[in-house]
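In the two complexes that follow, chain A is the common piece, with chain B as its partner first and chain C second.
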Partner chain A sequence: MGNKQTIFTDEQLDAYQDCTFFTRKEILRLHGRYHELAPHLVPMDYTNEPDVTIPLALIVSMPELNENPFRNRIVESFSEDGAGNLSFNDFVDMFSVLSETAPRELKAIYAFKIYDFNVDNFLCKEDLEKTLNKLTREELSPEEVTLVCEKAIEEADLDGDSKLSFADFENMITRAPDFLSTFHIRI
Partner chain B sequence: MNCFSDCSTTVSLVTRQTLELWRGTMKEVGGKFGTGVLSYFKFLKWLLMFNIFSFLVNFGFITIPQLIYHPTPDIPTGVSFKGLEILTGAGYFSHTVMYYGGYSNKTQGTGGWPEYNMQLAYFFTITAYMVLCGAALIYSMASSFRKKYVLADSGLGGAWQLLCSWDFSVTNERAVRQRKNNLRIQLKESLSEKVQVALLPLTERLKHYGVFLGTWLLSTGMALGCGASVYFLQSADKASGSLLEEAATLLLPFVVSLINLVVPLFYSLFKKIEHYSNPRMQVYAIIVRNVILKMSILGILCYYWMKDVANTFSCWESIVGQALYRLVIVDFLFIMLGSFFGEFLSNVIGTKCIQSLGVPEFDVARNVLDLIYAQTLAWIGIYFSPLLPVIQIIKFFILFYLKKVSLTQNCQPPRRAGRAAQMQTIFIAILFFPSFVGALSMVAYTMWTLPPSDNCGPFRGLNTTFSAIQIWMDDLNGVDGFQWIVWIYQHVIRSEIFYFLVSLIILVFIYIFRQITQGRKLLIILLRQQIVNVSSSELSGPKCLVHQCCCV
Partner chain C sequence: EEEKVGEEKPEVLSPEELEKLKEEVDERKKLISTLRGKPWPMRKKLLTLRESHEFVEKYEGALGKGKSRKLYAYKVMMLKALMGRPYGSMPRKTVPRADEANAMDFAVLWDFGVITNCLFGYAQYSVLFYGYYNSQRAIGWLKFRMPLSYFLVGVGTVAYSYMVVIRTMARNANEDGGGDNNSFNFSWKMFTSWDYLIGNPETADNKFASITTSFKEAILEEQESRKDDNIHLTRFLRVLANFLVLCCLAGSGYLIYFVVRRSQKFALEGLESHSWWERNEVNMVMSLLGMFCPMLFDVISALENYHPRIALQWQLGRIFALFLGNLYTFIIALMDEINLKREEEEVLKLNMTIWEASLYNGTLGVNSTAPPITVHPADIPRGPCWETMVGQEFVRLIVSDTMTTYITLLIGDFLRAVLVRFLNYCWCWDLEAGFPSYSEFDVSGNVLGLIFNQGMIWMGAFYAPCLPALNVLRLHVSMYLQCWAVMCCNVPQERVFKASGSNNFYMAMLLVILFLSTLPAIYTIVTIPPSFDCGPFSGKSRMFDVIQETLESDFPAWFGKVFSYASNPGLVLPFLLLMVLAIYYLQSTSKSYKQANLELKKKLQTVSRTINKVLTLIQHLLYSLCGTCTDIVCSPESKKKGGEHRAHQGKSNHQIPPSATSPPAPRGHRIPGPLPGNQWQPAPSVQRVPNSQRH
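This part shows the complex of A and B:
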């Protein structure tokens, strides 16, 4: 175990270890992956906390995200400016929430953000239609898309406002035990 | 409370830092085949950890002291190493530290080394390992149940398929495309499904129940029949000196593994005539039948070893250890053969000969049950053959790579998004209940009641294995300062009242927790009703105060 690394100070590594679900070795490995996405932008020395962000297009080129239908929404939900530019903190947060040890409540919050395309804190019919199109490569006819989304809202909507609030979504998640293992990206 | 959570976080950090084994391979498998198939490999890795721990404990506390005091085993003249021992475990091996018979019963103390009581070491090592295993299994079963098992079945409805079923860990392009196709097909199917008639006419239902009864009777009968035939085959099996007769001892494990391979295929034929309302019930039925078959064969074998072998042979623990060794080795060979036929040949037949069958899917349930069976053999064998975990470690290591290669070459990703998390809980429960508890009760029965053999092993000359503890307690009685240990032994461990009280307290706690759970279920129903009422009352009309007041 290196005390020889000069990328972070020990306090920074401890802070990362406390705030995320990663160990020191994993955080250093993550920094390596972050650096190799944009070697000219990302400094190797993070001890003075540089203010560097990597644009969306580079992040979604990672092999772990490359084929994911929701890659753009995932990166946008974790970026501070909402446009998908991730600083290293955002990058680590993203993979921490998507790791195996993150608790169900945290994953539910971010899954809701990912599916909420128009960012209005509700999953309305348009959001569900966009989700469905991303999942089926737009090969269902428009009537079928409408039918599936209506059925989904009917099943999950508890308070009857024909859109899914976070409480409805979380209630559905508690009845889906596989969610913890499917909402998971290994890095 | 805080300190406990800090401790557990530190422990989990340390375990994750050290258990980086196979991380890259598992990421690759998960990326192409999804979390359902990955759960098999995670289970395999978990079982490997049990065996590594067992090996370290046994080797460190039992074998190393034996090797220090008796570096060369006493092999009688005329017995030399022929190659057959690797398969049969008998012959040259039966006099080494591989089996119970190779350990001495003296309290060692020669040549400047400190005194080491071999009897107590053997007893306490095995007991401590079993207790720790049991605790680890109960803990993971409880946490898995709490996190992943949902009692109210919400069904695989549209909302679930849309929002919860996408597997984010799949990263391979072809696999992603295939999953999107599968999801589209499933959605189209569920849209076009006609509403099923809820109640079939009475004659149809009676016919279904009749078919169920018939198939269950047939499968249980077959399991018992196989058990009986194994028993009669075993009684006719005697091992002795010549090479041919030693090779003939392999016949029994061969028959057992053949039954374990062929009969489940026969059970899967029942799928054609049975009609379950729920496809999940079908998977459960297959699992239960397989477990009954494997456990009844193992049960018959254990019964034979306890009753007949223990009374007939002179160094019977080593004989049982050798039988278990042979079972483990032949089981490994059959798993390799099963992989060859089940996956490679199915792939060839599915792609070249009968195109309609297609590329096979990886059958997670059958493979996990094979793993559970293999681990049961290892747990039974710990007492009779302390170094059996070594064979198990090698077996699991090779099996990991074998299955991975077979998977990537021959199988396709699963078509239906299944209930992987609930299956995981059930597999851990099966690992605990018939498998570990059965092995533990057999070892406990051996230690408690069966007389050890007279001329070999660490417990020779005693009435039962447990008498070693009794003797130690008598010795401690004479030593000042250790009276409290003797008191605990006599009034707590050996008294029946203690166990009776503990069982009573546990039953009371179970009752209390069950009542709390029932109360909470009722509260959930009332709260759900309240949500609907509050929101519908906001949209229209006067507030329905009655419903709001009664749920606080």
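This part shows the complex of A and C:
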């Protein structure tokens, strides 16, 4: 193509294409979005791979994430330091997993991470309670919350340890008819 | 001589090593193509990609293969192209329409100028109504059998409607029975109900509210299934409620009958002497009853204390009974009118002969050969066409029903919303939260309205062929109007209960309505003789005689014989009996299949749980075994080389290179260990975690 962009080298763009579900154009557009979140922080020239991260607060202000009750967890799950500071690599990775063409298994892995609030590789009762309260904006009474979490664990727990491991979660989520269509962000 | 580690071997490779290298290269290529689906952080993916590329390029040259990176990139691009457009939308199913404008068949006969006139003036003699159609057996050079086609189209539409409704019900039942609807109810609600595409604050608010409501509903169901009350009091109250409802229904039926009788009296006295209300009394009363009785039923149902879904089904059933009762009273009244018209017809026929005789001045006989006197068609006295009258009544009913709906919408929804919004500024209590507030969009009520509208169309379509076309127009207008009204003046329902999981409740209602609507039409076709001078069946003694006629004149003689044998009651009755038995048999087998299905599902669940437990146990055993084994094997060597083993220190995500002396981890198993990208935390019993590769 004739377009001469100087943000990435061709090798970088090819590498991004191989590692995500995006095309060259989309990656360049993502860079534009990333840049406009913090124009003074993010350089326009990425050819020498600058080590720049954007803090959580700026990322969750994006319109795609702003209304999502799990926005903080989503950004934390994709950040390398676990605190929500995203480099461009993490940024692209995040939207790649949440894109429409990402496969179900990949989405299930990251969904598990997102809902695992205390990051212990299990969805225990506290994780479920936090999830539910975020979903309902704490409109349910504590008894109702307890009932729902107990029922959810009862339904999905296969190995009987009163918490959901990844295997339990995956078994439950792959049968869900709505999972692929709801776990999807378009950017 | 010292053996230097890391020195490059000379380029002479044995065939086995070549083969191994080729395999390795292929594996690396596969890794590159599946890299985007791996749950690794981007940094690791990019690193792996670079390493794999270097490896492949380095050794592909050595293997001398023609495949270059360019070709590979082309294949990847092709794969991407095949995977589809990322922003493609999903196809939506379109609902099949059960009605067709069967008047389209008569395009050759349409006179557009006539249709644009008033409905009950000239249109009475237009194609809209039965009376226009000529009874001539064959029309034009194509010898189009008009009466036959009229009859067959009428019957065919009904048959097609039956087919469509039953097929939809069967399809719904299939989807329902196949899915695991109840096994992960709460889990799915928790993890898949939030739509990540939502970016608009208002939409988000609505979604939060609907999720909360959905959870409350599920909680309620769960609690109801564990409840039990004072049975006797409940039973008494329910009987009382049903008694009150029956009184209501009887009352409304009588009211309609009374009003219809009165309108007949008015008709006899001449319509012009009465006010607008008195002329349209019947339709107005029917519409008003349809508006207020359901509210009454709602209040009475508070006595019954049912589960919300059951209560909704009872409510819908009662409204159904109300509408049905009203419709049938209307039809009975119509029958009276038909009889009246037929008496008129007899009188007219008598007068006609007298009038004809007077034309010829009484001088000529019946078999005279004198040229007939030409009389303008408009001067010939027309018989009272009862079929057209029936068609007109139905059209009038539908028009008034439509008008009532629109007016209720405008006043009940729009005006109310306007008042609530603007009076709220100067009112003592909060109008929006308190008494009137905005009206809810009642899904089940609206669906019921559609079903009844359809029932009326089915009833009247035989006598007013353009009715389906008119209805299509009305439905389009209704849709846009109600779309606007919902967006502008309605709030979502508080209760999000559905009357049935798969809409089969409504389809069942539609089926019953179809059956009940076509009964009156069939009755009139079979019992009442058609008018003598209007319509495609005029002059015949019964409408279905047209079939007989066609068989006699258009088909060879033997066909008629076969048909008469086949329609012998001695043959038809056993056939019907056989079909009834077949239905019974099929129903009982399907029940047993459903039962077997449920049992198998339960078994599957228990088996999978057992297998999981066993697998976990085996894995725990393996790790403890592996741990002890490699401890014995590895420790002396690490002392020797001080090598790159960092196995004893559990660092995050360090992949033990295949050349190490530790035994390879079992591939392809789901290992309950740390997920890639997470901080590794050791499980209490295991000291080391092998490769946790995921495919």
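Everything below uses one rule, namely that the second predicted complex is superposed on the first by the 184 of 187 C-alpha atoms of A that agree within 3 Å, B and C clash if a C-alpha of one lies under 4 Å from a C-alpha of the other, contacts with A are read in each partner's own complex, and residues count from 1 in each chain.
As a convention for this text, a contact is a pair of C-beta atoms (placed from the backbone, for glycine too) under 8 Å apart; a residue touches a chain by one contact, two chains touch by 3 or more.
Source: prediction; values computed, not measured.
In this overlay on chain A, chain B clashes with chain C.
Look at A:109: by the touch rule set out above, it reaches chain C but stays clear of chain B. Judged by the touch definition given at the top, the superposed model places A:80 against chain C, while chain B stays out of reach. Of the two partner chains, both chain B and chain C are touched by A:172. Once chain A of one complex is fitted onto chain A of the other, the partner contacts of A:96 are limited to chain C, with no touch recorded for chain B.
Measured by the number of chain A residues touched, the leading partner among chain B and chain C is C. In the superposed pair of complexes, A:20 makes contact with chain C only, with no contact to chain B. Touch criterion not met for A:46: it reaches neither chain B nor chain C. Legend: residue contacts after superposition of the two complexes on their common chain; A:117 is shown touching neither chain B nor chain C. Of the two partner chains placed by the overlay, chain B and chain C both lie in contact with A:132.
Between chain B and chain C, the overlap after aligning on chain A sits in one stretch of 77-85, 95-103, 113-121 or 275-283, namely 275-283.
With the contact threshold set out at the top, residues 17, 23, 63-64, 66-70, 98, 101, 111, 115, 128, 131-132, 135-137, 139-140, 144, 147-148, 151-152, 155-156, 158-160, 169, 172-173, 175-179, 181-186 of chain A are in contact with chain B in one structure and with chain C in the other. In the complex of the two chains, the chain A residues touching chain B come out as 17, 23, 25, 63-64, 66-70, 98, 101, 104, 111, 115, 123, 128, 131-132, 135-137, 139-140, 144, 147-149, 151-153, 155-156, 158-161, 169, 172-186. Partner chain A is touched in their complex by these residues of chain B: 12-13, 16-17, 26-27, 30-31, 35, 39, 147-150, 152, 154, 157-160, 162-173, 176-177, 180, 183-184, 187-188, 191, 417, 419-422, 528, 531-532, 534-536, 539.
Every residue of chain C that touches chain A in the complex is listed here, in rising order: 32, 35-39, 41-43, 45-46, 49-50, 73, 76, 80, 83-84, 86-88, 90, 179-180, 183-188, 190-201, 203-204, 208, 211-212, 215-216, 218-219, 222, 608-609, 612-613, 616, 670, 672, 674-675, 677-679, 681, 694. Remark: chain A residues 14-15, 17-21, 23, 26, 63-64, 66-70, 78, 80, 82, 87, 89-90, 92-93, 96, 98-103, 105-106, 109-113, 115, 119-121, 128, 131-132, 135-137, 139-140, 144, 147-148, 151-152, 155-156, 158-160, 165-167, 169, 171-173, 175-179, 181-186 touch chain C in the complex.
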